Amino acid sequence: MTPVLRLLARRLGISLIVLVGVSMLIFGIARVIPGDPARIALGPNATAEQVDALRESLHLNEAIPVQYGYFVKDLLRGDLGTSLYTNRPVTQDIAQFLPATLELVLFAGILMVGIGLPLGIWSARYRGRWPDHVIRLVSLLGVSAPSFVWAVILMLLFAFFLPIFPIAGRISDIYEIERVTGFLLIDTLLAGNLAAFRDAFWHIVLPAFALAVSGIGQAARLTRANMVETYDKPYIEMAQAYGFRARRIARKYAFKPSLIPSLTIIGLDFAAMLGNAFLVEAVFAWPGLSRYGVAVILRKDLNAIIGTVLIISATFLIVNLIVDLLIAFLNPRIRYSQRGSS
Amino acid sequence: MTPLLSLKNVSKTFGHGDHIVQAVRDVSFDVMPGECLAVVGESGSGKTTLANMILGVFGQSSGELWFDGKPLPTRRTLEHRSAIQLVQQNPLSSLNPKRSVGASVRLGLDVYGIGSPSDRWSLVEAALEEVGLPRDFRKRPPAALSGGQRQRVAIARALACQSRLVVLDEPTSALDVLVQARVLRLLNDLRAAKGLSYVFITHDLSVVRNVADRVAVFKSGQLVECAETGAIFENPREDYTRQLIGAVPVVTREEIELRNTLATEGQT
Amino acid sequence: MKRTLVILLRNPLSLIGVILVALVVLSAIFADFIAPFPEHRGSVVDFVNFNKAPNATNIMGTDLVGRDLFSRIIYAFRISLVLGVVVLAIATPIGTLVGLFAGYVGGKTEFILMRLTDVFLSIPPLVLAIAMMGVLEPTLMNAMLAVTAMWWPWYARLVYNIARSEREEGYVLAAEVIGASTPHIALREILPNCLPAILTKMTLDMGFVIIIASSLSFLGLGVQPPTPDLGSMVAEGARYLPDSWWLTVFPGLAILIAVFGFNLVGDALREILGADQ
Amino acid sequence: MRDVLRIEDLVLKFRGYTGVTEVLHGISLNIRAGERVALVGESGSGKSVTARIVLGQLQELRSAQVQGGLYFEEQDLNRLSRRQWHALRGTHMSMIFQDPTSSLNPVFTIGVQFTEVLRRRDPKLSKEAAAKRAGELLNSVSIHDHARVLNAYPFQLSGGMNQRVAIAMALANHPSLLIADEPGTALDVTVQAQTLHLMHDLVERTGTAVLFISHNLGVVREFADRIYVIYRGRIVEQGPTQAVFENPRHAYTRALMAAVPRITGGGVPEIQDMDGAFFDPLEVHGEDRP
């Protein structure tokens, strides 16, 4: 087995352990709380018999570990139960709302990496001079407010005062796009409707940017910090002593070694956007998982809550896995190591 | 005379499965009371592994260690621990930067219950004085000391524990020559005054020549040659020993001559 | 300590940070004396003055039931700070202990503790808090609980990384050879070397806790009205954009200023204490 | 004979929180073409910063103030633009560092780094031509499995191997001056001895002048034609290696020599406290220009 494959297997194993842990944690929280889930589900007007019947069918009379066993059994069959809010299977709800959120988060992730990394590189290269000061200040401002504040400010500036972007939604009502992937930017292209694509693109810019602001700041700060550390390494001193161009050192010889430690954290920040998407979606009326999530939470719809958290955690773990692979690809020490661990 | 420390067919392997590394193989030697035994070798020779086994950081895979005529268990008693102490190469890292020099020296006294708690600070100061540092250094952080002074503190820490055997792991290789000479002299004086034994681990043969009674040469985990210091330098039996001596950078004409004669002897 | 303070006050940026933090903290403590309308922190209704743009009496305008926005923002600082202090006071020691022992002891302890930490870290921070608030009643107390539950793993991870590298330092070997106990080595030898990083992270985290707490209440899952909270104020005002812009802009800026202040100080501390990761 | 490098009355000051500290108090030295000159001193004596000044790297720090004459191949370095000075690095002057493994970039192969060095002189050099040229250069340092070494990352090679690579890289563009800062100190003694011999032979063959910076008197004696002894930012003694070693005149040089333990024995040297005399004026041995 090659080291990379071994690493992948190891990480997959750990991810599975973690996912089981997450499900136990969230299941535990949902079961330990005061109040009878069956009573909450049926409302105050239900009779005691009705509640008992539901308790029986939900296995609520069993011990908690047994309940968890039933839950896992269902989960493995792809059954997360029925949402009490929509009266549909939770998996179906998630399938409907997740793509919009993922599209937003992916777009924001591209902005984060595409803007944050170059800012960080630039800042480190001009350490202690004015570009550095400006970038540091701006990125610090970026991480200093929650994304809903940026959402409100951006909306106010670029949708109301300067009406460049639409105020809310994913696409204008006039377009009817057949749902294939659920990603509008892809579905519009698949439908060959360029005007719709443009419209969808225009809609996503502000929310994605609002979501990305703190990520951009975080990525820039992190990249700068790691690059500054790398600049003190003997091999950079050697590159300078050999007269390599400053720009080439910044973009290649200092950037790659410092990207490796940054990537893990960038992955975490990217995942944090899954949570922050809740805030941005609320401001821009983005029809994603957030509206559903908040609605089910306010209704104490336990199946739906567990499902939503699990799916977000799984997405998060997948992102981390990809990041680990990327690191293995960039870091020859992992690629060629005997033991295949980082 | 019973040896203070004996190693009998000691081996150490690390890892398992396909990745076994034999760090030390079947090593036997004695250290007599009051003796300084130099352990010489390059990186990968197993000398640090050896030191860690003597200190009880980890146990040997096979073989036995004896101390003062009795077997030395891997789980050391406090008595054993206090008797065998360590001075490390890098005094910058061997002293905790966030604790005062005195606190570092005192640790052993607290662990072994040497002296009454109220006396311990004065014992610490006495130990500092013994290595040529002023008593009031006790309150200083390591950062306020020079490299040589820090190494003296590390020596004081070993002394304060009333040790009988000190493992010196490259104690002077991080120091400048002038400082090195002073620290070596201090080590020599302390050994004579207190009847200490040293296991002096180093790669620097010119130091070995002037401080050791006997020399053990290691290569890839094996003991290749062990003899009186004079014999090793004047009449080395192994080629590897000859190579090591030949690689020492020297400053005087006599030394160059010695090296040249060794080199020509080696060819015949 | 003294040196740290001197450097902190000499650099213009960190000086601004210190001033911002001082302003926020002092106005939270002395809110009763500073706020022009202290009674407006509660459920006061003044329909004569409702929804007024900033003016001489109400420098940040009034909300939809006529309460002075400036007064409410000052009281909201108080809630945010109390929440931040309580969360960090509980999360930091827990996370530090977990990270310290996992990092120093290694082996099975390390595996179990760090996988447990990974479980918590694998749920995006806000989502865990949202989920917890979903099943719990949205009160200040529960908000603190939820945020604390998601916070300690970050300290565990931070301290774990430092402890793991400190474990390789000579002074740890020295203490082990002497035979010092594991608690002694972890708490007396290694912990002091983690403190600068912990202190720096706590400063930066005051800001992040404020962000998370306001995010919860923005979603209606945190502190409940009529208690003034910056997040719920923004949420409430967002429905009246752009006409009543002050309803969102001022609470939003208040979050920004408070967090920015803590971040400036935290950044400066990181540089002075040399506590990079 | 003409000088490859001439330093005149070089002063270096650092500005810090606590005010200005002077690190070099006006040192002068010269290196003739093809000559091997050692600058020997203890840690903190200012020997390493001197190398950074010659390369023009220290001048780029804003906290450093550098004064004094610097002449390289008859050009006044101080009159060159930053760009012109930069252009000399890696081509006309190059450098070898203390630890070969950490001075090579860990995430790029030796081949990539070698190509970059070769392109300093010939920016249009193709990959294949670079590999061929690198192979020849590796031959000169007795590395014969070129393909393996060029495709390897530094961590996959031994310290001695990396040191050979570093030597080959340093001499790749035929520099007239090579600065070696404590080369091989991080290596095992036998490996250090081998690589030093290799470097010695190679610079002799190519006629490259060397500024050899070291704290190790023994190494210096074997490598250098002439030495400068530096103590706390002042040159205290200079002259041909043989003369200085046979007859050290300055109190500091004497103390330094006395402090080195001899492999012929004689016990641990005794060092008198005579630091005062270490500030005595410069001692210059014959056959040497002041």
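For the reader, a short list of remarks on this structure follows.
The first chain written gets the first letter, and so on, giving A, B, C and D; residue counts start at 1 in each chain.
The rule we apply is simple: a residue touches a chain if its C-beta (ideal position, glycine included) is under 8 Å from a C-beta of that chain, and two chains touch if they have at least 3 such contacts.
Here is each chain with its UniProt name: B = Peptide ABC transporter ATP-binding protein; C = Cytochrome c550; D = Dipeptide/oligopeptide/nickel ABC transporter ATP-binding protein.
This structure is a prediction, so every number in the text was calculated from the model and none was measured.
Steps from chain A to chain B, minimised over paths through touching chains, total 2.
For this pair, chain A with chain D, the centres built from the Cα atoms lie 51 Å apart.
A separation of 50 Å divides the Cα centre of chain B from that of chain C (Cytochrome c550). One finds 33 Å separating the Cα centroids of chain B and chain D.
Centre-to-centre, using mean CA coordinates, chain A is 22 Å away from chain C (Cytochrome c550).
The touch graph of these protein chains is a ring, one cycle where each chain has exactly two neighbours.
All chain pairs in contact, by the document's touch criterion: A-C, A-D, B-C, B-D.
Contact residues on chain A toward chain C (Cytochrome c550) in their complex (touch as defined above): 14, 17-19, 21-22, 25-26, 29-30, 33, 137, 140-141, 143-146, 148-149, 152-153, 155-156, 160-161, 225, 229, 268, 271-276, 278-279, 282-283, 293-294, 296-298, 300, 302, 305, 308-309, 312-313, 316-317, 320. Here chain B touches chain D in the complex through residues 42-43, 176-178, 180-182, 184-185, 188, 203-207, 209-211, 230, 233, 243-255, 258-259, going by the rule given at the top. Those residues of chain C (Cytochrome c550) whose C-beta lies close enough to touch chain B in the complex are 169-171, 173-180, 188-189, 192-193, 195. On the chain D side of its complex with chain B, the touching residues are 42-43, 188-193, 215-219, 221-222, 245-246, 255-271. Interface residues of chain B facing chain C (Cytochrome c550) in the complex, by the touch rule stated above, are 55-57, 76, 78, 81-82, 85-86, 88-90, 93-99, 104, 107-108, 111-112, 154, 157, 161.
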